[in-house]
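The following block contains the structure, expressed as structure tokens.
Order of writing sets the labels: A, B, C, D, E, F, G and H. Residues in every chain begin at 1.
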Amino acid sequence: MDANSLKDLLQGVKDGSLDIEDALKELKKLPFEDLGFAKVDNHRNIRNGYPEVIYCQGKTVEQVKGIVERLMEKNNNILATRAGKEVYEGIKEITEDAVYYEAARIVVVKRREAIVTDKIIAVVSAGTSDIPVAEEAAVTAEALGNNVIRIYDVGVAGIHRLFANMDKINSANVLIVVAGMEGALASVVGGMVDKPVIAVPTSIGYGANFGGLSALLTMLNSCASGVGVVNIDNGFGAGYLASMINRL
Amino acid sequence: MDANSLKDLLQGVKDGSLDIEDALKELKKLPFEDLGFAKVDNHRNIRNGYPEVIYCQGKTVEQVKGIVERLMEKNNNILATRAGKEVYEGIKEITEDAVYYEAARIVVVKRREAIVTDKIIAVVSAGTSDIPVAEEAAVTAEALGNNVIRIYDVGVAGIHRLFANMDKINSANVLIVVAGMEGALASVVGGMVDKPVIAVPTSIGYGANFGGLSALLTMLNSCASGVGVVNIDNGFGAGYLASMINRL
Amino acid sequence: MDANSLKDLLQGVKDGSLDIEDALKELKKLPFEDLGFAKVDNHRNIRNGYPEVIYCQGKTVEQVKGIVERLMEKNNNILATRAGKEVYEGIKEITEDAVYYEAARIVVVKRREAIVTDKIIAVVSAGTSDIPVAEEAAVTAEALGNNVIRIYDVGVAGIHRLFANMDKINSANVLIVVAGMEGALASVVGGMVDKPVIAVPTSIGYGANFGGLSALLTMLNSCASGVGVVNIDNGFGAGYLASMINRL
Amino acid sequence: MDANSLKDLLQGVKDGSLDIEDALKELKKLPFEDLGFAKVDNHRNIRNGYPEVIYCQGKTVEQVKGIVERLMEKNNNILATRAGKEVYEGIKEITEDAVYYEAARIVVVKRREAIVTDKIIAVVSAGTSDIPVAEEAAVTAEALGNNVIRIYDVGVAGIHRLFANMDKINSANVLIVVAGMEGALASVVGGMVDKPVIAVPTSIGYGANFGGLSALLTMLNSCASGVGVVNIDNGFGAGYLASMINRL
Amino acid sequence: MDANSLKDLLQGVKDGSLDIEDALKELKKLPFEDLGFAKVDNHRNIRNGYPEVIYCQGKTVEQVKGIVERLMEKNNNILATRAGKEVYEGIKEITEDAVYYEAARIVVVKRREAIVTDKIIAVVSAGTSDIPVAEEAAVTAEALGNNVIRIYDVGVAGIHRLFANMDKINSANVLIVVAGMEGALASVVGGMVDKPVIAVPTSIGYGANFGGLSALLTMLNSCASGVGVVNIDNGFGAGYLASMINRL
Amino acid sequence: MDANSLKDLLQGVKDGSLDIEDALKELKKLPFEDLGFAKVDNHRNIRNGYPEVIYCQGKTVEQVKGIVERLMEKNNNILATRAGKEVYEGIKEITEDAVYYEAARIVVVKRREAIVTDKIIAVVSAGTSDIPVAEEAAVTAEALGNNVIRIYDVGVAGIHRLFANMDKINSANVLIVVAGMEGALASVVGGMVDKPVIAVPTSIGYGANFGGLSALLTMLNSCASGVGVVNIDNGFGAGYLASMINRL
Amino acid sequence: MDANSLKDLLQGVKDGSLDIEDALKELKKLPFEDLGFAKVDNHRNIRNGYPEVIYCQGKTVEQVKGIVERLMEKNNNILATRAGKEVYEGIKEITEDAVYYEAARIVVVKRREAIVTDKIIAVVSAGTSDIPVAEEAAVTAEALGNNVIRIYDVGVAGIHRLFANMDKINSANVLIVVAGMEGALASVVGGMVDKPVIAVPTSIGYGANFGGLSALLTMLNSCASGVGVVNIDNGFGAGYLASMINRL
Amino acid sequence: MDANSLKDLLQGVKDGSLDIEDALKELKKLPFEDLGFAKVDNHRNIRNGYPEVIYCQGKTVEQVKGIVERLMEKNNNILATRAGKEVYEGIKEITEDAVYYEAARIVVVKRREAIVTDKIIAVVSAGTSDIPVAEEAAVTAEALGNNVIRIYDVGVAGIHRLFANMDKINSANVLIVVAGMEGALASVVGGMVDKPVIAVPTSIGYGANFGGLSALLTMLNSCASGVGVVNIDNGFGAGYLASMINRL
């Protein structure tokens, strides 16, 4: 209900075409009416400038296929995350356009070409085991139209490897840092650059890493400023947020 | 040690001016030498384009004054956070330029005019008790040269108050959402905008909020994409990161 | 043994068809009967006015069947929760009246028609993955004689979907809100209605959701008043409590 | 602004004493009014049918007085919780109608008589130290127009004391159970009645009660059905929810 | 209601002096009636063979005095735990029989001589800082009529001190082991004796002792059999349980 | 080294048969020498008056068989806990005396008749799912020569079932209470008897029971005195401690 | 590339057999070489004086083989930890020098003889189930050129077994203590020796050991000085640190 | 009583100036002497080769003075940790030899010159607020006869500051790394050196540092090998362990 409808309502009361009880009933709904900022789900694509995303974990292949079919009617690009090989094969049956990024566990269906920015997102990761999460972030950011460079296996236990990549690191507009175990890499990178850093703790590690809690706390308590943290293993979230920032 | 020095070293070995043992000793230091990305602490200002920051909590007034005096020799702008009134009065004795933002507990000493961007950072907060953290974020962002609007007391228990501010919210380039208790505001705002959201959990609440843990977990698990989280009550960190993003 | 049987017993004593010693013996068994591995609580049916409930998790099909057979002698309605398909098939062998609600993982054996109230319980859920818990709540409430409406997939990341259901939400006498991840939906619904809200955190999510802890804390710390919380994933408990309230 | 004032406004439009533009202006202010440090939610009164509530913890006496003054212009009833004696004295300066419930730490300002239901809410508590939380629940429920009975000091360590109160317990339409330490009382009461139970864990206890966590977990895991839990020490929340249920 | 009353009731139904509806009403209360195992609070003394206990923490001196006065009418012995000096002085005003055990923070009022067993309870403690809790246990056990020996400051960091006390340790019928920090003493003592060990974790320690959690977990996970654990710092509980065992 | 050996040593120094350096060396070992309280592992049986115990979890059948064979050379009774059927079958190959208690997952090899006390240990459990832990406690206590009665399925959700067993409960000298979910049964039983209660939390439950943490905290915080707690699911530990107490 | 190869390279530059550009190119690769999925850190060998380590958990046999092949070109010794039998067989296909330590789950490939110190590292462990972690520590220390003695199954439940090993314990220069359950062994050993103790908590135990947390907290809070702690189950880390200390 | 006094005693026995019974009596007191509230462990001095340590926190000035007086009779060096100024002043009244290290909160009483090793312990700390813990470690190590260098304020947020100290860091035989907030410094230093690193997490930080838990977990999960961890804020423990290692 916008200002005009409200005026009409009052006019109705004034001229007697609407009685007071009915007007009262109408007014009670006032705070909750749709305020015009959103209408239907497919409008989100326009609002966010992004393809539709399907989070596949906990969904059957049939459920994913159903969603893909519906979305394809709208000609959307599609990003299916946490997708096993069997999910990819299921989507492949629907469309030849499906491409599988195995390390990232992502299926991309590209129907329209995204406008690509040449500003760089750097994905920096600590250990070999962090690569699946790092790739989820990287492939997500690429699918959203960003220019991504990967700097992997540069954990702080051998910090010279990180410094050997200083030029690449300094070329980035936004950085995603992916690290498990103690997650110290985010603080070190955050102290080296004057660009926003999105930190992704991973559940990699053993003993008292408590499923990623150690890296999560490390990153939240980072002594370097300019670091924002996403959920444990949430490579997609990091790639999405980095893209949002990179495309401002 | 850069590539040229390395060449010089090898040349020295070749022409006999440097013996092999000395060269070996020099090479062993190789990975840890200063790689030219930073020299002294005061250079950080240039690197980051930002004033110097003093975190006052746990420091005596005398200690803060000592740091302020040293920084003023370099003619830096200064931001002193978590500063009580007595800190402000101490700094005031040194310089007339000190301004105190009481709600934010921040002292700003402005020596040079910052270049202000007209892109907007919106600071959105849930309850009255969250205002100190929200102000810390807002004043930080302003001191770093941003155009800040405040949208306070719009918690989800009365969500119409949030919607009444839709125009302001949509005008922002970056959003900071400050909330304690269950921290649900970050998810709601994150679902409404297509701009990056920096979420700040506060320790406000009682019972099972466990010092801000409830709001922290809520924000990390946000079902809306595009949300990065900083530490509990870390208004400064949010303002700093938002500014970094806003000025890209 | 329900109120009627008890009356019959007393009538028997009165008219001399049952002697006092035998009646006494019968009454002493009243509160429980030994079943070897479990004592079936027949008294509770009278006391609570509800069918008997079997929580199947951790019980073998044979154990469940044993309990069902015993209960059927008393002509009770039966609700078997957390029941896999093999449990349903086992019960089906005993009685044709068994109906399986697959999404809810519930078997209902209806022997007597329940008196149905036309006051509405609305089950509101956030995401697709929350549906099994939501259905457990909904089917439980229906089996207890309530009129249930379902409002699914209205999580706060796209809050307009929730508002599009305002009329349905306002028609309810009691609301059950089921949400995982950050669980913010309970606060938003709690702020919109003046009816009791039963909040059910689910274990859905990943990373730092810690098996439902994040949603649980969110709901306990809700800034909206009028919200009561049940255990993680406890759809049955929510449906039971909502029914109890709805039938007052 | 309550339903009556709204009707008056519409009547004014109808009979011409208020022109449409002024009515519109008035209506736009409806959902909230700016108070500088807090927005008072006048709409909620209509929506929820309840007096305005001020949560005093963390607010200065002056801030509370400001809110009270504003609310009294609207002729609302007021409930100020977590109010120390000095808050009461501050409110007393504004209105003679303020009454202080010391054990409950609540100030009530009654301007209009609430319609009282004769259905009973029973507040049951375990130990002497739980009484402040129990009283917060009881006084809240009374202020919201309910008939409240108190059954205190009936913890499970001497369970015969609880059974001596069976008649009172069975007379209630809704029960609030308040317990600290191990919180077992909620399960025992929940197993005895067929009415909804609102369980309030308190932070009372020592050692491994971890600030109320032990009682909270006990209540969430209750083996009795029909129990909903609110936040630790949240007597107000329990009284509010119980009233909502009792007045359905 | 016992078997006889039940027979009377049925007799009443049979001979018509009680109509069926009234009998039914009476029978519905059946499971909850007082079953004769307890009548009033002061009977607990007889049941348990123990003095009345007042837990003073969180009570005012006036409240404690009120309880003491009431109990003295029954001529009970009294044990007031967690009692500061001001509590002792308050009780002293009522009775000259009050004795203060300062290290244990206990006031004992002895009105009747307890029958003392000569079987020994040994209270073993690790460090100087654990003495208040150890004394609470020791004085409690003495007040309950036990013969107590104290073996203090024998923590495992200097395990020869423990062994120098082997004769004393072996003379005990029941042992109470009090330890903070890592709490290892309980396991070592448990492995040395074939008598029941009551382990009391204390909150003594720093850093990652987390308020006694480290000692609590140590004791629960003891690799020695025959160890039962009470709450953190709960010297009274340990003394009470040890006495119960010692007097079997 | 005992007092006599020490005297001999000094005598040797005095008469010159031992030089000072050798005496010094001998004295330095002093605090750590075997003090005569234990010699070899098989002596523990004598010390404790109990059979040897093998904890089978994490051991292969072959490993268990090896230990059994070694112990049988000494003619000991043997108690193998957490033993699957395949462990039983392995032991059966060695000795016909092996008896398997399936619900308790215990194998008993009885070579000598234990002296049985007629004092009673009552094992009380809350739900059907708690029976394996309850049986582990009961069989352990029986194997250690105690007279055990079982009172199962008497959880507090239907507290009349507990009261129907008052006579049995009151006949016990020591009680073991086994309960999962919220674990309230320990407090209720502890408040009803004046005998020591050993409480065993189980990991039974779902949602926020956190693997038995909820029941563990409940039992540690029990408002009833006289309750000692063992580790989660540790039926053996409870049976062992109860036996130790029962046989004092 | 070790110190000798580096010297060879410089010699080549000196005598002209290697030109400067090629040497430079070679040196730039020095700190790391790209292996596709992991960068092998050859520089660390020189820096730390130790063989290369491969942490196999989470890597496929093929990945491990790839790393081994690469490392063998450099003639390094190799230590592959957390290696299942199939990993050993994979490495065996590459080199006959591979030796498998099954209990330790370690594969050692020895290409050059390490210089062995005769100073002793003692590995002390509590229970049979702790042996895998203890062996990981022992084999690691041996592979790093240390003289290791093992003292197993000396947990504090039978402390005389520990004391029977006093001579061995006192012969050690560094001690590694491995214990699960309550982890008390580290404190007891730490109190007996004046040598550094490296404590390794294991995840062995049940119930409230919470995956090794109980032993971890015990060791961190040890009342004995001179104890450093590594991660839960981290036998390799303990062996590595002990070796570092032993070879100082 | 040190090795020399023991020799004197035996000499006395040998030459007849001390009879055997008196010597025996003296020897029996050897391991500990009763001081009423604490047993001072004189044997430890001989065993560990270190001065006596008094942990002052939780002790009154009078208690500390009593212990100091007793120890001075034995002519020991004394180290009093966590000592406020008033403790220092109390000790000063007893002996002029007391020296106060304010930043470290340590009092040292030096009676005999310690033999100082010239091998270096480096104490490296992250932030200004970590200095008290770092100084506790440094002063402890110095009092135990080590050569200590301090490298402060080199946190990873400005990692060039750390590298500027590479020569100092490489000169150390043992390193102590003290860091709060995210504690990443330990991993970075551990990756740079081939010497043992003792890591001390501090409770410095705010929000989700949870009293030092974040730094503790970081250090336990360090991806660099060769790092041992002590308790939160335990500077003394780190200095003691480092000294033990440095003096091997």
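In this section, contacts are C-beta pairs under 8 Å (C-beta built on N, C-alpha and C of every residue); 3 or more make two chains touch, one makes a residue touch a chain.
Quick caveat, the model's predicted, so the values are computed rather than measured.
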| item | value |
| --- | --- |
| Intersection of the contact lists for subunit B and subunit E | C, D, G, H |
| Pair of chains joined by more contacts [C-beta pairs], A-H or A-G | A-H |
| Rounded Å distance, subunit E centre to subunit H centre (Cα mean) | 40 |
| Subunit B-subunit C separation of Cα centroids, rounded to whole Å | 49 |
| CA centroid of subunit B to CA centroid of subunit H, Å | 37 |
| Subunit B and subunit F, separation of their C-alpha mean positions in angstrom | 57 |
| Two or more partner chains touched - positions in subunit E | 30-32, 37-38, 158-160, 192, 207-209, 213, 216, 220-221, 225, 231-232 |
| Subunit A contact footprint on subunit C (complex, rising order) | 128-129, 158-161, 163-164, 166, 170, 192, 204, 206-209 |
| Residue ranges of subunit H in contact with subunit E within the complex | 31-32, 37-39, 41, 43-44, 57-59, 63, 201, 203, 212-213, 216, 231-234 |
| Complex contacts: residues of subunit B adjacent to subunit C | 126-127, 155-159, 181-184, 187-188, 190-192, 205, 207-210, 213-215, 217-225 |
| Interfacial residue positions of subunit B with respect to subunit G in the complex | 3, 6-7, 10-11, 13-14, 16, 20, 23-24, 27-28, 30-31 |
| Of subunit D, residues touching subunit C in the complex | 47-50, 53, 173-174, 194-196, 198, 216, 220-221, 225-232, 236-237, 240-241, 244-246, 248 |
